[in-house]
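Take a look at the structures listed below.
Two complexes follow with chain A in common, the first pairing it with chain B and the second with chain C.
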Partner chain A sequence: MNRRLRRQNTVAIGVLRGMVGLLVALLVWILVTLLVAGWGELTRGGFYTGVPNIGGPGSGVGPQLFNTVYVLVLSMLIVLPIGLAGGIFFAEYAGTGRLANLLRRASETLATLPSIVVGLFGYAFFVQATHSHPSRLAAALSLSVINLPYVVRISEDALRALPPSLREGSLGLGATRWQTVYKVLLPAALPALITGAIIAAGRVFGEAAAILFTGSNFSLTAHSNYSLNPFDAGDTLAVNLYVFRIQAEPNVVTDARQYADGVAALLVVAVLLFNVGARLLGRVAVRRLQRTA
Partner chain B sequence: MTDQGGGAIAPPAQGRSAAAVPGLRRRSRVIDRGARHVLLAGAGINVVLMALVVAFLLSRAWPTITDIGAKNFFASADWQPDAGIGFGVGAFGALAPILGSFLVVLLALLIAVPFALAVAVFVTDTNPGIGERYIRPAVEVFVGIPSVVYGYLGFITLLPLLRHIAPPGRGGAGILAAGVVLAIMIIPTVATISADGLNSVPRALREGSAALGATQWQTIRRVLLPAARPSILSGVVLGFARAMGEALAVALVIGDVNVIPDFGKEGLSALLEPFTTMTVAITDGVDKLAINPQGTAARYMLAVVLLVVTFISIILVRLVGGGRRRGRA
Partner chain C sequence: MTTIERIEQPVALSPVPQPAHHLAGEDVPSAAQAAELKMSVHNLHCYYGDFMAVRNVSLEIPEGQITAIIGPSGCGKSTVLRTINRMNDLVPGFKATGSIMLDNEDILGPQADAIAMRRRVGMLFQRPNPFPTSIFDNVAYGLRIAGRMPRRQLAEIVERALERAALLDEVKDRLDRSALGLSGGQQQRLCLARALAVDPEVILMDEPCSALDPIATLRIEDLMRELAGTVTQIIVTHNMQQAARVSDATAFMLMGEGRAGELVEVGPTVELFRNPRDRRTEDYITGRFG
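On to the complex of A and B.
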C-alpha cells in the first residue's frame, strides 16, 4: 500500500514537472522562433525607416512604428491623468460605501470587456457619433477606454502599498487629505506609478482589435507619411500584422512573409523592452524607498 | 541627487504647515473639497463609459431585432452578412459564429487548464525556488506578448504542420489550430491567478496533511487544490472570458468558414475543419461598417452577445468568490 502510494507520488510529481518543462520549452521555442524569423529584418536599418513595399526592395515599417508611438503617447496623455485621479479616489477617498462599490464594479467590468467590443463601441461613439472618420485620435480614445481600469488599479495599488504611517503622520500634523495625497503620498508612490505606466504603455503597443475598428486605413501600403494630425488614420504595427493577412498570403509571397516576420519580432522585442524597463525601474524604486525608510 | 522621497516623507520640514495660518487653512479646505470632486470624476468616468458602451452597442444592434428578427438571428445557421450588400439577399443567422466561439474556447480550456495548474502547483509547492525565480517572471513576460503575435506564430508554424492532416483547401486552418493558439495565450492568465490562490492556502493545512502521513501528491490533490478552488475557478472563468473576446489571433488561424462541421459524421476529426467565431465574424466586417448597415447591425448584435458573456463571467467570478479581493479587476 505504502509503496503503491509512493510510486503514485513519484509518477504524479514527475508528470507535473514534465508538463512544466514542456511548457517552458514551448515558451523558449516561441521566443526563439519569432526572433530568429525576424532577425534579418530587425538588423536591417532600412526596416525601421522604409515604407511597406511588398514585392519591392527596401520594405520597412517606418510609418507603422511612428503611428504606434504616436497613438501610444496620445492615449497615455489621455488615460494617465484620469486613471491616476480614479486610483487616488479609490485608495484615499472611496471607503467601502455603496457608491464606491458601484464605481469599483464598473471599473472591473470595463477591464473584462473584449477589445473588439471596445472597438465597435469606439467606432459608434468616437467615429460615427462625432461625424468623423477613423483616426488616430479615435484609436487613442478607444485604447484609453481599454487601459483606464488598468491604470486606475495600478494607481490604487501603488498608493495602498505605502505604509499607513505616512498617511497618518501627515493627517496628524494637520494637513488636509489633498495635501497629504499631493505632497506626501504621490511623491512616495512615484516609482511604482512610473513602473505601472510603463506596463500600461506596453499593453497599448500590442493592442490591435480596437485600433482596427477606430483608426485603421486597412492597407498594408497606405501610410500617413508621418503627419502629426490626430485626425489622420494610420495602422500601428500590431494592426499591420493582421491587415497583412487580408492583403497578402504570407506563405505565397516571400517578401510579405519576411516583412511580417520582422513586424512580429519587433513586437516581441518591444514587449521584452517594456518588461525589462518596468522591472529595472521597479528595482530602483525599491532601493530608493529602502534608503529613505 | 536630491532625495525627493525623503523630503516628501516629512512635509512639516518645509515649514509652512497649513494648520499654522488661518487664511491658508480655509484655502486648503476649499482646495481639498475641489480635489475630492475632481478625483471622484476620475473614478466615476468608469460608470459613464460602461453605460455608454451598453447604450451604444444596444442601439446599433437593435435593427437586427426589428429588421431581421431575433429568431432568424439566434436560430439560423445561415450567416452571409456581406452577400449582395444593399440588395436584401444577405443572411444573418448567427448560430455558426456563436457555436464556434464556445467550441473553440472549450477546446482551449481543455488544453490550457491542466498546464496552468501544473505551473501553479510547481511554482507554489513542488519547486518554489526555481518557480519564483524563473518560471513566474517568464510567464509574466508571456502575458504581455500581443495576442496578434500568438496568432501570427500559429499561422507560420502550426498551420504548415496541420496542413498534412487537415482537409485540403484551407492550409491547415481550423478549430484545432485556434484552440491551441488560444490555449497558449490564456495559460499565463489561469496559472497566475491559480498560483495566487495556492499561495494563500494556510501553511497549517499543508503541514497537517504531511504530518498525517500523506504523500506530496496526496496533499496537492486532496488538500491544496480543493482549498484553492475559488481562485482556480476565477482563473478559469477569466481565461474563458479572455479567449472568448480574442479576435485577431483567432482570425489568423481558424479559416473563417461559416459552415458548422459535422461532428456526427466525422467524429473528432471535425476539429480539423475550418470554422468561425463571433469575434472573427465581427472582424470580417471591419471594412464594410459604413456600407453594409444590416450586416453591421448583426455584428453589433454579436458584440452584445459577447457583452452578455462578459457580464456572466464577472458574476460567476463573484459567486465563486476567489482571486478578486478588494474589488480589483
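On to the complex of A and C.
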C-alpha cells in the first residue's frame, strides 16, 4: 500500500469513528440531561399514581401513562394488520406495474405528511365528520394514518429482502402463493417485521401533535379515570408534557417545570423499556417459530 | 469461467469410474428406447418480454430415467427446466409457447393447474433452500399444505423421505432442530427429502451440486442413481462429467441466432459423449469452446 492510500484510510476510519462518537455522545448527553432533570419526579411516589392538576402543584401521570399504553395498543391493533396486508400485497401480488408503482408512491407521499397535518385531518375526519368528540379511538386512528405508510413499507421490504429461493422452494412443492406467504415468508421475515413494529410503536409514544386535536379534551383538567371505553377522550404523556410546559400557569402550578421534566424522562425510559421488552418477546417468538437455537 | 474450468475432459478420459449401466452400453439396447415417455416437450419457445430465450425445443423424457441438459451459460437450459414446472410464471413478462406433456396433460395448456402439477413435479435448486424452521417441519411442509394428516402418519412419511434422501441417520436425533444448522450437503439432501415426501413422479434439478463440495456432490449423484427407476429426473448441469456419470440421456443446448437457446442434440448419454453427431456438440464436450 502506498503512503497516500494509507493516509486516506487512516483519515477515513478516523472520521467515521468521530461521527459515531459524536452520535453516542449526543445520545448520552440527552439521556443524562433528561434523567437528571426528571430524577426528582421519577423518584416521587405520587408521580406515577396521582392525576394531573392544573390548579396547583403535585400532579401525577397515572391516567396519562395508562392512556399512552391504551392508545399505543389500539393504534397498533389497527395499523399492524392493515399495514402488513398492504406490504404483502405490494411485495407478493402487485408486481412493478404502473398502477402498483402509483399506489406505492401514494403510500410514500402519505409518509411525508407532517403529523400536525394528519392531526388536523384526523380532527376533521374522525371527529367532526362523525359528529363525535375527541376520543382515544380518533387519536389511535390518526396515529395509524401516520404509521400506516411506514408499516406498509417495512413489511414490503422485509418480504422482498428474503431470498427468492424460499418462495420458489415453497411453490415448487405445490403451495399456493398465499400458503407460501403465511407459512414460509412471514415466519422468515418475522425478525424484520418485529423491528419495524417496535419503531412504529415508538413513534406513537412520542407523538403529540396528532393527539392534541383528536384525543385530547382540551379542558386541561385531566382525565383522572382509567376508562377502557375507546370513545372517551384522554391525554397521553406527550400531550401532557406539552400542556404543562407551555400552557400551565407557572404562578399556579409552581412545579410545572419539574413535572414536565419528569414526564419527559419517563417518556424516554418507557420507550427504552418498551424496546427492550418487545425485542425479548420477539426473540422468543422467532425462536419458537423458526427453531433457531 | 476460467480457461482451466472450461477444458473439461471428455468422458472417455474421465478418471471417474463409470456406473455399470453405462458399461453395458452398446450391444444391449439402450434403456432409453425401451422406457415409456413420462414427459415430452414440443416446439417450446420461451420469452422474457420481447427477448426470445429458447427457440423451438422438443425433448422426450423417458419414465424413471435421468435426463441431463448440458450446455454453456446462457444457453437457456435453466429456462427450459423452470418452464417444465412453470416456476418461471413468477418472472414478470415471461411467456412460453408450445406444449409440455406430463403423461397426457399439457401443463402449458389453458386448463392446466400449475399448483397441482407442481405436487407431481418437484424441484431441487442450485443452492439448498431449506425453510428457516425445524428439519421435521421442512420435510412435512409439502404434506401439510396438501391437507390434514394424522401426526403418526406424517411422522412416518417424513422419516421415509429422510431415509430415501440418505439423511435419516444424521438427523434422527434432532428432527426438531433448525434446518439451518445443517451443512450445505445435508441441506441439499434435506431439500431432496422435502421434495420426495410428497411422492413426486418427476424431480427437476437445477445444478443441484453447484454449491456443494465434491464429496457432497457424489452423495447427491448416488442418490439420483438410487432414485432412478422410481422417479423420473431431469438435471441441468454445466458439469459435463456429472452429466456423464449420472444420466441415461443427455441433451445439449447452445445459444443460437439472436442469443436464443436451441437444442443441438439429444441422445443416450454414452453415445452423445462418445460419438456426438453434431460438430458443435463435439467441440463443446472436447472443451474447444463453451
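The rule is simple: the second predicted complex is superposed on the first by the 223 of 293 C-alpha atoms of A that agree within 3 Å, B and C clash if a C-alpha of one lies under 4 Å from a C-alpha of the other, contacts with A are read in each partner's own complex, and residues count from 1 in each chain.
Going forward, a residue touches a chain if its C-beta (ideal position, glycine included) is under 8 Å from a C-beta of that chain, and two chains touch if they have at least 3 such contacts.
Just so it is clear, the structure is predicted and the values come from calculations on it, not from any experiment.
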First (chain B), second (chain C), both or neither touched by A:Val36: neither
Which superposed partner A:Leu241 touches (first chain B, second chain C, both, neither): first
Partner chain(s) touched by A:Gly202 [first = chain B, second = chain C, both, neither]: first
Which superposed partner A:Leu27 touches (first chain B, second chain C, both, neither): first
First, second, both or neither for A:Ala175, with chain B first and chain C second: both
Dominant contact partner of chain A by residue count, chain C or chain B: B
Which superposed partner A:Leu273 touches (first chain B, second chain C, both, neither): neither
Touched partner set for A:Arg167, first chain B, second chain C, both or neither: second
First (chain B), second (chain C), both or neither touched by A:Ala106: first
Which superposed partner A:Pro187 touches (first chain B, second chain C, both, neither): both
Contact residues of chain A, present in both the chain B and the chain C interface: 166, 170, 173-176, 179, 183-184, 187-188, 289, 291-292
Contacting residues of chain B [partner chain A, same complex]: 3-9, 11-12, 14, 17-20, 28-29, 31-32, 35-36, 38-47, 49-50, 52-53, 56-57, 59-60, 114-115, 118-119, 121-122, 126-127, 135, 137-142, 144-149, 151-153, 155-157, 160, 171, 184, 187, 215-218, 220-221, 238, 241, 244-248, 251-252, 279, 282-283, 286-287, 289, 299-300, 303, 306-307, 310-311, 313-314, 324, 327-329
Footprint of chain A on chain C - complex, ascending: 85, 87, 90, 92, 115-119, 122-123, 125, 127, 129-134, 137, 141-142, 144-146, 176-178, 180-181, 191, 194-195, 198
Chain A - residues contacting chain B, complex: 5-6, 8-9, 12-13, 16-17, 19-20, 22-24, 26-27, 30, 33-34, 37, 81-90, 92-94, 101-118, 120-121, 123-125, 129, 145, 148-150, 152-153, 156-157, 166, 170, 173-179, 181-184, 187-188, 190, 199, 202-203, 205-209, 212-213, 216, 218, 238, 241-242, 245, 250-251, 257, 260-261, 264, 267-268, 271-272, 274-275, 279, 288-289, 291-292
Chain C partner contacts - residues on chain A that touch it in the complex: 95-96, 163, 165-176, 179, 183-184, 187-188, 289-293
